[in-house]
Amino acid sequence: MTIQDEYRKKGWKNLPPGGIVDRPATALEYKTGTWRAFRPIRNKDKKICQNPEACLICWALCPDAAIKRVEPNELEFDMDYCKGCGVCALECPLKAIEMEQEE
Amino acid sequence: MADYPTRLADLPKEERSVSSGHRLCTGCAAGTIARLVGKAVPDKPLIWVNATCCMEVATTIYPFAAWHIPWLHNAFENTAATASGVRAGLDMLMKKGRVPERDIEVIAIGGDGGTYDIGIQAISGAIERGHDFVYICYDNEAYMNTGIQRSGATMHAAWTTTSPAGEVVLGKKEFKKPLLRIVAAHGLEYCATASVSHPLDFVRKVKRAVDVKGPAFVHVIQPCLRGWRFDTSESFQVARLAVESRFFPLYEVYHGYKYVLNYPNPALSKVPIEDYLKNQGRLRHLFRPEKNQEIINIIQEHVDLEWEKLLELAEFSEKSAIY
Amino acid sequence: MSKITEVRFHGRGGQGVVTASRLLADAAIREGKFIQAFPEFGPERAGAPIKGFTRISDKKFTIKSAIYTPDVVAVIDPTLPRLVPVTEGLKEGGIVVINTPETPEAIKSKLGITDTVAAVNATNIALETIGRPIANTAILGAIVKVTDLVKLDSLIEALLEVFKGGVGQKNVEAIKRSYEEVKVA
Amino acid sequence: MAKAKTLGMMGDFAVAEAAKLCNPDVIAAYPITPQTIIVERLSEFVADGELECEYICVESEHSAMSACYGASATGARVYTATASQGLALMIEIVYITASARFPVVMTIANRALSGPINIHCDHSDAMLARDSGWIQLFAEDCQEAYDSTIQAFRIAEDKRVSLPVMNCLDGFVLSHSIEPVTTLPIEDEETLDGFLPIRDPLYKLDVDAPIAQGLLALPEFYMEIKRGQQEAHLKSLSVIKEVIQDFGDRWGRYYPVVEPYQMDDAEVAVMTIGSSTGTGKAAVDELRAEGKKVGLVKLRCYRPFPVKDIQAALKKAGAVGVCDRAVSFGSTGPVYADTAGAMVGRGGPLVKNFIIGLGGKDITIDTFRTMYDNLYADLAKGEIEEPVEWIGIRGE
């Protein structure tokens, strides 16, 4: 049940006062990944990007924080939130990321 | 000099300001801007005061709020005034011991419309009063939240829905308002231009602004794929061209007087403005059905003139002994 | 005197008309009386004729309107009667206290009135005591003398609250002299 | 430690003294006649160290309320004051502040709205904000303006309410008129002997417990949120009465939300709001002395509109004239509109509307005599011929 269901169930009487949302980052429950038409594939055929921590341009520029830095030196593309914009693919200096049609 | 991140890896891994799940357009660099501000000051708790704008609307659709930090929106034209109140409230509550003494930074952020036009009075007042806060203007050169209407930030000749490329009038008649010089004229300790294409430079400037005890201002260019009509992947590439073509040079102004140029390097040969304009749909009418060299030249001359002024100001500042 | 005594001050912007109306009220409140003091509200500009009002009563009163039928009219600027109908609405048995070098009789005939007139050369007194031709405090001395609104001591006390030190003492002297020198006819 | 002192004070002066007593944390204000003396006195208190607060001299009234919104969001106690055009300029944020349930106490030195520009008293400015969600109290005299400022903080910050409060005093008639004002005898100045505890906010911007305020609410949720706001506002009436009772029990001055004056056997009555009440009471006394059974009802709390209290106060009169100092063009005065709504279909008195005192037009005892004559005429005919009458203007 997302916060939207929770707040819907509350009815008008029990909503938090003043139109606030009473806890942080509730948007995490909204998966923008459903917007994707293309999906980024990193190191599809070859491990071109082997030392992400030395670069991290894709991680830094991703508008949706959909690329996670994973210990000790790996990247993880979070398909819950990636909107498939293609910025990472275009900006990657090694061209290690390709955009592929979403099935 | 305080230590500033020199590598992206220096930036904290975790998200400290905006969270995933916001509904900015696919590929919108405003999301990146909000993320980087949070990462620029990893050790300082932030309170975020947002103007009515794309970033505000798209990140907080009730009851979904994409913020890890206390987030406040009031209205469109009063972000700096609202931030002044937040600052004053915090200061006095701390002074009276009602809340623990903490080095909380108040971030005020708005789009170009909310900063150049309707919000400039509140900003001028807040800077003049010397409140300790950072104002960030993310500039996508039109009222994008309401569907791409022309603002004071829109460049000359650009199409918007209220400065259409018509048979008689070709896009916006006026030139982009020199916002940073207007802000600098207040004599505040620090203000700077930045670009999403230069993330480390932007982060350094946000941190520099936060370190100022008093008002500071960062004006970051953020090309808008919907309003400028280019592909969802190209926001940062277009921003880079804006800087390299000297259309939007990156510089800092100390005490409203000393100009320090960051990018592009004056020694590099100029990227012709045409390269910046040509793959933006909002300027298509300058290329099709046939190229309008006259207007392109006018834009180039204006860019060159502004660039020369900036070089002189930077040169003069270097020689000046005042700061 | 009717239950609520209404006083109207006439002068020009910058002559301390409003201060006079307030000082009189302050003096009365020290005697536990109920008071009200307000200017004729308007964008006062120095030199323009303006009015000040004071109400004093032994009992609490709630009326909030302007004063149209004063019991006492105090004219701080002698040039005003030519311009402004200073005695308009003056109640039967009312009294006019006027800052003027002339005698009360001369004023009566000049204004063509039969009401009681108290005349005092407040400007002159002020020049000699305070050193400036500001007659607003001096005329209060005359008002106190010819009406039983407040005691002289209360007025002096109220004044010293506002005008401290040497300036205060000079104003007190001005009040006392006009208290002595006022002539009534 | 402060002893009770009775001094001659202008309304503005008294309000500034009262605001100081309440220890606001942040004041954000912009000068405008006839509120100026409030902000000037407060500036002196701060400069002399008598008042410890952040005093923001904002660059406009719009920014005044914006700064108040931001300050209240941190949990601070916030005060401001304005009038007329200033209230009109900040009205956008006045609405938003109420919707956020941020307590702010704002004094309005009531002054006519322009065109034409006029610096004198009427209630068109406060009435501009009657739908904004602010609690609105109107003072009859300078003492009430002083006491009401203190009550306003208590009401606004009560967690059951947590709404901004507008304290209205008539421009010039009260703001710039000296009347006797008795200050509060206070032992513990931090909480006014417990009457006004330090603000404990309903919610606030807290870096350790982040919340978000100011979201975009789509149709799915907007109306629900506004219904919640209405509920809080309606519920505030009982808290207001509680505070009035507590204040009266402590310091002996009671200001009911609706105060009948000589209404028990009144054949005709007027309902007044603000300082005209004083002159109205004086008129009632005179007419009663002449054998006329007239009465008056003073409306102190305009929002929330105390429907039941008004019904009770007016029901026995034959004819009632509601005295508005504002007019909703193309319709009637606002207070009349609310009152008629409360009285309709209850078989109560004839109710009509008098428009008086716009732009500082003096309201005298004769004004009331005329109104009472008209009411007696309507009573005799058994019907209201002229539902809205402008009293005190020249010409037919």
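For this structure, a couple of remarks:
The chains carry the letters A, B, C and D, assigned in the order they are written, with residues numbered from 1 in each.
To be clear about the criterion, contacts are C-beta pairs under 8 Å (C-beta built on N, C-alpha and C of every residue); 3 or more make two chains touch, one makes a residue touch a chain.
What you see is a predicted model; the values in this text were computed from it and never measured.
Leaving out chain D only, with every other chain where it is, the touch network divides into A, B | C. Of all the chains, the one whose CA centre sits at the greatest distance from that of chain B is C. Counting C-beta pairs in contact across A-B and across B-D gives the higher total for B-D.
Averaged C-alpha coordinates give centres for chain A and chain B that are 24 Å from one another.
Chain B and chain C, compared by their mean Cα positions, are separated by 64 Å.
Rounded to whole angstrom units, the spacing between the C-alpha centres of chain B and chain D is 43. Between chain C and chain D the centroid-to-centroid distance comes to 35 Å (mean Cα coordinates, whole Å).
Not a single residue in chain C touches at least two other chains. The multi-chain contact residues of chain D, meaning those touching 2 or more other chains, are 210-215, 217, 221, 225. Across the assembly, chain A contributes 7, 19, 21, 24 as residues in contact with two or more other chains.
Chain contact topology: the protein chains form a pattern that is neither a line, a ring, a star nor a complete graph. Remark: the chains found to touch one another pair up as A-B, A-D, B-D, C-D. Every residue of chain D that touches chain B in the complex is listed here, in rising order: 25-26, 28, 52-54, 56-60, 62-64, 66-76, 78, 92-93, 96, 198, 205-207, 210-218, 221, 225. Residue ranges on chain C touching chain D, taken from their complex, read 22, 25-26, 29, 34-39, 41-43, 61-66, 68.
Those residues of chain A lying in contact with chain D across their complex are 7-8, 11-13, 15-24.
Partner chain C is touched in their complex by these residues of chain D: 6-8, 34, 119-120, 140-141, 170, 172-174, 176-180, 275-279, 281-282, 360, 362-365. Residues of chain A touching chain B in their complex: 3-4, 6-7, 19, 21, 24-32, 35, 53-57, 59-66, 68-69, 78, 80-81, 83-87, 89-91, 99.
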